[in-house]
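So, here's a batch of structures to check.
Two complexes follow with chain A in common, the first pairing it with chain B and the second with chain C.
Let's look at the complex of A and B:
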């Protein structure tokens, strides 16, 4: 059975309409089954001031199976892989329910940034640092936010995105590749051409 | 003065609705009075069912969810899902 398009389109509209939620979503290319979510780093956390992009893939079975989500932006957090952005969060696994939505999932990611769960880590190195030396963890997380997720960096990105778009790639595709290559245009082109 | 009125023709119009409180199904997000994605006709073809936890869904939607799960839980409250018996005799079921 193909994906329930009606529900997905309704979900995207709901997120677009709700300007106060702090999360946004954009379709990547032609299919609504590949999306990019965006959330702001919560206040009073080392992620404050950061803008975080999340790659979202929807299986044909969605919403009967959870959306596949992975951080595109590099994040230093016990429950997020510092290497590939994989997320350890129960509602994205066995605690998923079809009553949840892309919006509630993105908001849950925002909540996860505020309250790490080091007992159930995705990144053992980060979790060990979080348990052993909180100050050190916060400093590293803040530094990563500034290096990879800072709004200014994102503004600088815009020009590079434009350049890649002019070469004929989609906007979201260009953005995703640049994010993965940490803003390096050549690296982004390699990702785009290799994909 | 009286009128002698003769009715030649009349159209009856009725409306119906599921008495389901919330207006959309929490799974497919379509109105209860409409169809779930794989339903063709509203009404008897796309019935609405309740759990004993009082949450309502299209029958097709909740069935598909329960069939995909080892544990039978309500998508809203995660309580054990059990179908609430339909009320007989025009009693409200919500």
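Let's look at the complex of A and C:
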């Protein structure tokens, strides 16, 4: 059975309309099954001031199965893999319900940033640090936010897009490839040339 | 949406440990691997304004959805087709709810409130129109979805004729103390007049027991008075 397009489009429209929610979503290419979500780091946390991007993939079975979500932006957090952005959150696993939405899932990720669950970690190293020395954890997390999630990084991306566009690719194409390559311009070029 | 809210406010992490991989030192700036954080520099959300026709369509859809929102399925967000309501009161298309119950193997719960849901305990809703919605067809269901469970038909509640002259009964009760109760006019819901219907047998038994009670109290009264 193909994915329920109507519901996904309604969800996207709802997120779009609700400017106050602090999360946004963007379709990646032609299919609504690949999206990129965006959330702001919660205040009074080491993630404050950061903008975090989340890769979202919707299975054909959505909303009967949870959306697949993974942080694109590197995050230092006990429940998020510092290596690949994999997320450990119950509602993205067995606690999913079709009454939840992409918006509630993104908001849950924001809540997860505020309240780590070190007992059930995704990243053992971060969790150990969180349990052992909270101050150290916060410092590292803040450092990572500044390094990977701050708005000034945007400038760097624009340069890469330009670089790829100059090689004769479309802007859209360049952005999509960069997203898929996690911002690595060489990876993006490989994707574009391979495709 | 209490469940969703709960999920929102109490994120609970769970899952396998990731194999610890190379962790960049805290302060290491990895400039050569620019973070993709920048990707949404100009977040391009689905923008209806790009195309006036699309914008109009979107607006129409929005109006429609606001009208329908009360009666839309909690799973597909469309106007519920073959609507059923769970005992906890949440509305779904029967095909949507059926599919969810199939997906949930161990413990079947309402997607909205997590109350238990049993397939044959949902209540179908029959509107005025035909019970078939063309959308149910267009959605296409490869796996056969069985018929909705039928509605239950409880026996109608009847007005008990014994309880009709309520005003009189109350007046008598005021004047005669316990006596009216002996005459079988005890009236629990004196103002409503609705009562569980009694079978003829029950009525007969009630009559007999009242008669006995009356005789007994008559004897006692005689003993007291004479």
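By our rule, the second predicted complex is superposed on the first by the 160 of 195 C-alpha atoms of A that agree within 3 Å, B and C clash if a C-alpha of one lies under 4 Å from a C-alpha of the other, contacts with A are read in each partner's own complex, and residues count from 1 in each chain.
Following the convention adopted for this analysis, a contact is a pair of C-beta atoms (placed from the backbone, for glycine too) under 8 Å apart; a residue touches a chain by one contact, two chains touch by 3 or more.
Model, not experiment: these values are computed from the prediction.
> Chain A superposed: clash or fit between chain B and chain C?
Partners clash after overlay.
> Let me test your reading of the model: by the given contact rule, A:63 touches which partner, first (chain B), second (chain C), both or neither?
both
> For A:182, decide between first (touching chain B), second (touching chain C), both and neither.
Second partner only, chain C.
> With both complexes overlaid on chain A, does A:13 touch chain B (first), chain C (second), both or neither?
Second partner only, chain C.
> Given the superposition on chain A, which partner contacts more residues in chain A: chain B or chain C?
Ranking chain B and chain C by residues of chain A touched puts C first.
> In the overlay, answer first, second, both or neither for which of chain B and chain C A:1 touches.
So A:1 meets both chain B and chain C here.
> Examine A:49 and indicate which partner it touches, taking first as chain B and second as chain C; both and neither are also allowed.
Neither chain B nor chain C is touched by A:49.
> Return first, second, both or neither, reflecting whether A:27 touches chain B, chain C, both chains, or no partner chain.
In the superposed model, A:27 contacts chain C only, not chain B.
> Counting only touches as set out at the top, which of chain B and chain C does A:99 meet: first, second, both, neither?
Touch status of A:99: both partners.
> Could you point to the stretch of chain C, among 57-65, 111-119 or 183-191, that collides with chain B in the superposition?
So the stretch of chain C colliding with chain B after superposition is 111-119.
> Where on chain A do chain B and chain C both make contact?
Dual-contact residues (chain A): 1, 4, 6-7, 10-11, 61, 63-65, 97-99.
> Show me the residue ranges of chain B that touch chain A in the complex, using the header's touch definition.
Listed in rising order, the residues of chain B that touch chain A are 26-30, 37-38, 61, 64-65, 68, 73, 75-76, 78.
> Help me check something: in the complex, which residues belonging to chain A touch chain B?
1, 4, 6-7, 10-11, 61, 63-65, 97-99
> Which chain C residues qualify as touching chain A in the complex?
1, 3-4, 7-18, 20-23, 26-27, 29-30, 33-41, 43-46, 58, 62, 65, 74-78, 96, 99-100, 103, 109, 111-112, 114, 140-142
> Touching chain C in the complex: which residues of chain A?
It is residues 1, 4, 6-7, 9-13, 15-16, 24-27, 36, 38, 50-53, 61, 63-65, 72-74, 78-79, 81-84, 86, 88-91, 93, 95, 97-101, 104, 107-109, 111-112, 115-117, 119-125, 139-140, 143-144, 147-150, 153-158, 160, 175, 178-179, 182-185 of chain A that touch chain C.
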